[in-house]
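Heads up, there are several structures right after this.
Below, subunit A partners subunit B and then partners subunit C, in two separate complexes.
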Partner chain A sequence: MIRYTYISLLTLFALLFSSYANAALRIEITGGTEGALPIAVVPFGWQGSGAPPEAVSEIIADDLTRSGRFAALDESQLVARPHFGNEVKFKTWRFLKVENLVIGNVRRTGPQQFEVRFQLFDIFKGEQLAGYTIPSTATGLRRTAHQISDIIYEALTGEKGAFTTRIAYVTADGANKNRTYFLNVSDADGFNEQTILRSREPLLSPSWAPDGRQLAYVSFEAGTSQIYMQDVFRGSRKLIASFKGLNSAPAWAPDGSRLAMTLSKDGNAEIYLFDVATRNLKRMTFNRAIDTEAAWAPDGKSLIFTSDRGGKPHIYRLFVNAAGQRGQLKRLTFEGRYNARASFSPDGKLITFVHSVNGDYRIATQDLKTGNVQVLTETSLDESPSFAPNGSMIIYATNENNKGVLAAVSVDGRVHQRLLIKNKDVREPAWSPFEKRNAKGAN
Partner chain B sequence: MRKINLLLVLVMPLVLLLGCETPGDAAKGSDGKGGGAKVEDRSGASASGAKGGGAFSGHPLDDPDSPLANRVIYFDFDSSAISDAARDTIAAHAAYLTNNPGASVVLEGHCDERGTREYNIALGERRSNAVAQLMKLQGGNSNQMNSISYGEERPAATGHDESSWALNRRVEVIYKSR
Partner chain C sequence: MIRAIFYNPKYLLLSIIIHAGLAVLLSVSFDWSIKAEDTPKPNIVDAVVVDQSKVKAEIEKLKQAEKKKKSQEAERLKKLEKKIRIAKQKRQAEEKRLATAKKKRLAEEKKRKAEAKKLAQKKKQEAAKLAKIKKQQQQLEKKRQLESKRLAELEKKRKREEANKKKRAAEEKAKKVAAEKKRREQALREQLAAEERAEQQSRYRSVTQKYLGLIKNKVERVWLKPVGTNKGLTCTVKVKLIPGGEVVDVRVIKGSGNAAFDRSVETAVLKASPLPVPSEPALQQRFRDITFEFKPLG
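Entry: the complex of A and B
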């Protein structure tokens, strides 16, 4: 018995170590796990020779815990280790006071082929809430695990999970003349980091196309700001704006046909719409103040942007029709002396932005209906907030021990996470939209 | 002749100071027809210093005692207003550009790290435009100046307090040709 525990701990450690070794970015929950719902995720069975290429059940347990909504039980607390539905004895689980149980099995079906089967149970009702068999591959197993997390999350919360989405961010490495900037894309849990651009000059403002396949961004590689768009998976890219002066703050419209961007070609920082197909430009703001950092409402019918036309930077909203004609203009923020870089929640009800409180720059949300402002962070140099596509979390950049780090906070301000990337300055996170659904595994 | 030129360079700032005007609104740039802004590299016109008499023998831009030696203009937080002290520096450079039509500068606008990156890029441009505007008012030609903003991306000091921030809110005057 003692020996068994010892071995399983060693195995656990090995698994943990191997998975962390692959992660460029590590996510720590730094607060707010109090109300999390306990859930039992039993290590999945394995049918195949050698070790399974990924610890699927561990990825699922980590995903669920990271959401802040769930707390996966520690392996030592599991009272049984069933892999199949007929092995589950609900009575033995009931006294753990855990409502839900996840079991499953991974089977090798070919040299690189696998089949992942899982079941989610309501322990008290003694019934299955979800169950799927999903074909996968050696390199696709992490993604399959995230899909399972999405299914479990949606079955239990009624909201779509965002575990299969990605984040884009910029890292900087090296000092002074050796400084190098990287534009990276990773899974939402920080794994599979891939650098899609490196440059000796600053990179910033990655913006996802609504298809989740392209990024627009600002690059100084030519010694001045320019806007590019790049296919994330193929690597091919196009220069789309290189006018005299600023070319910055690209923001893809929800239908993908246009980008809002900031240009100063007419002498001052103004917002323009760029038509992707025709490359036509339409000027949207006409004010001697700074107008920048445009973001679209999810319905594509209005833009919010930062302007200091009132003396200090604040958030304004401009309605725009499909033909690009300007409608009503409205100031949205009045609290505080500095409100900037706003973006909408996926349901369009909230905006998140950088808000100064007594000289500290923090992440806040404002309810568009009530005007209520909620400050979500307590740090001092927070910037670049971006909603998860399911609206549950906001990812942002901040500073810790003189280093740029990414952090995330739940929309209610309860759950706080730190996303650690080894030895690099990290900034400018942007959470991808949901992937357009391709055929999911068979039921 | 060279002596006279040097004298002019040294005296002009004083003359210009007397007629100093307040800067207007941000410069109305020329229309951009696309294509990155490039600095024309005009080589030539490298004058050598006056022989004897002058305390410094060398190029006026290399004279550590000249107001031209000062190549950085500092700003207050979220401001592009030019201080009185900075006006002397700008006047000296404007005079040099006036007397050396072949000379050109890049005006690099920078910000401290507070606030958002994109707003700071725009603020950095407003700072460099404010400097360019004043230089033009004092005789520099707009084709001798090129504004670029790096926002908070290239700090001069890397601390996270006011002493670093003050050094980072700046416009750097960088000579591309003399």
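Entry: the complex of A and C
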């Protein structure tokens, strides 16, 4: 009798227990929408006379949007315009389904001195994720804005932002006899353009040194191709290759000690290594086909280059040791009739290159491990792809109305954008590495 | 005996002779104690008559003898007196002795009497003691009787209690039986309730499934995955709700390694708050802790 009661109680308890406590509810979420994170960047407050020299918050909003990872709310959608943390009402912002909020304030602290304060909030958690006060100058405000974009980007994605990096590119202006070529360096958003070289003859192939200060490039200013190296900030330059025949496609090794380049001084276009300190040359390829457009792996232990030794241009990889001795050679691309102008992603896992699909030249990536090729663009005359130093985007040049324009695509190919809208022919972009002080994240 | 001697001269002579002899004897040694044994015997000498000269001589001799006898007599008397005196002394001594003895006797008597008295006293004491003992015995007896009475009462009480106990046990048993009967009924009711509950459980299960689906749908509708990098990523979060479905806590318990992805997961759950939850309190309680596994397909 007692046992019977006991068992029935036990059963009852087990039933209760299993249904209410033990079997924790579990839900598997497989759906969802992939897209840019909505972020509200409230126009920063301004404390000073006249108008602020730069619209810092706009620069930030544009940076974030351009990355493809974020969708900054249009100003007209902003339900409130707080400038200080205690003015933020999370509930209000939640209605907009906006996930993050940036507020801030610019204050003039001297004739040319400014102080930019900003705060980043997680609206649904109702907490501050970042907040800094950064001193700046009238000319440095854009850069300060990019720094803030970097901080926000890293806080929200866990990856280093590349908004304070630069791009180098070549523009051409004028027609026929009046055609002038410019080698320019601008902020990653295309603003703050500085021309570092002007020439009546074509300029090609800018390549950033790993310190982010020097550029190597090809100039036809002497009537034939020559390779120069120039300090971006000081303007000083040095001729480093002026051999008979072709001098082209310089590529700085990751440690900055060597440059790979294409020379035809021996009769055929071959890859050579140029030692910056000793100016010694070492030939790397020995093939009667064309070998050109070398690029270094981030670890500096191998080069990739374009060669038509197989009949059609394809990407090959050559291992090179520190002494410049050749190692294993390997063909990397097999798809398509044309693969050229390859370069590595900062993590060394991908290469990007120009890939011909049915006569269109498009930007593609190939996973070095799996060999999978992904075509990222749908335009037709794409050229010179180059990874952003955080690996999130690829900048390239393409053709629009018979004019070269810069465009960027996210590594997954989903986010496309035009970078510069200028009435110029823009080509040969090259994304700078992180500045030396924060170069750590480049690889 | 002395008087007998005086009445008979023959005997007197004889007596004198004897006395003389006795005196001699006495002078030499006399012991009173043995005198009693020398009692004169009457037939020892025979007198004979003799001539005048001879009688004269005899008279003379007698005279002499008389004289001698007289002196002897005086002597004897003297001795006798002495003897008497001695006897008297002796008697006195004896008397004295007797007196002493009497005194002694009296003393003894007294002593005896004292002893008797003492004895009597002792006896009395003993009697008292005895009486006391007796009294004690009586008291003991009384006590014993009381004790036995008490014991008897105790026994009685014990018996009464035993009886009560038995009665109680019987009642208890009856109660137990009743309780068991009740319990059996209760168990039956519980079984029925459990069956009912099981039925409810299955209904709850279906309601739970329905709401899990609603929650999944809502979270998936608001989940904005970061651009690009979601392939193969999985993030598990533990979510705490309050009744009504409002999310009060989201905790990543197993991240994907991709900060942006994990962040999107947390935000998705918070964005979907309040989550649809059943209105029944029992089920709402169940919808307090939910684990979400975010596992994008493709």
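The rule is short, and it goes like this: the second predicted complex is superposed on the first by the 401 of 443 C-alpha atoms of A that agree within 3 Å, B and C clash if a C-alpha of one lies under 4 Å from a C-alpha of the other, contacts with A are read in each partner's own complex, and residues count from 1 in each chain.
Throughout what follows, contacts are C-beta pairs under 8 Å (C-beta built on N, C-alpha and C of every residue); 3 or more make two chains touch, one makes a residue touch a chain.
Model, not experiment: these values are computed from the prediction.
Trainee: For A:428, is the partner it touches subunit B (first), subunit C (second), both, or none of the two (neither)?
Mentor: After superposition on chain A, A:428 lies in contact with subunit B alone.
Trainee: Go through the superposed model and pick first if A:264 touches only subunit B, second if only subunit C, both, or neither.
Mentor: A:264 sits against subunit B, while subunit C stays out of touch.
Trainee: Output check: A:202 vs subunit B and subunit C. Expected answer is one of first, second, both, neither. What do you get?
Mentor: first
Trainee: With both complexes overlaid on chain A, does A:329 touch subunit B (first), subunit C (second), both or neither?
Mentor: neither
Trainee: So, A:313: does it touch subunit B (first), subunit C (second), both, or neither?
Mentor: first
Trainee: On the A-aligned overlay, A:399 touches which partner chain: subunit B = first, subunit C = second, or both, or neither?
Mentor: In the superposition, A:399 touches subunit B alone.
Trainee: Give me the intersection of subunit A's contacts with subunit B and its contacts with subunit C, in residue numbers.
Mentor: The overlap between the subunit B and subunit C interfaces on subunit A is empty, containing no residue.
Trainee: What does subunit A use to touch subunit B in their complex?
Mentor: 202, 204-205, 218, 220, 222-226, 242-246, 248-249, 262-269, 288, 290, 292-293, 306, 308, 312-313, 338, 340-341, 354, 356, 361, 381, 383-384, 399, 402, 427-428
Trainee: Within their complex, state which residues of subunit A touch subunit C.
Mentor: Going by the criterion above, the answer is residues 1, 4-5, 8-9, 11-12, 15, 19-20, 24-38, 68-69, 94, 97, 99, 122, 124-125, 156-159, 410-412, 414-415.
Trainee: Under the stated contact criterion, what part of subunit B meets subunit A in this complex?
Mentor: Touch list, subunit B to subunit A: 25-37, 78, 113-119, 121-123, 125-126, 147-150, 153-154, 158, 160.
Trainee: Would you tell me which residues of subunit C are touching subunit A in their complex?
Mentor: Of all residues in subunit C, those touching subunit A are 180, 183-184, 186-187, 190-191, 193-194, 197-198, 201, 204-205, 208, 212, 215-216, 219-230, 258-260, 263-268, 270-271, 273, 282, 285-287, 289-297.
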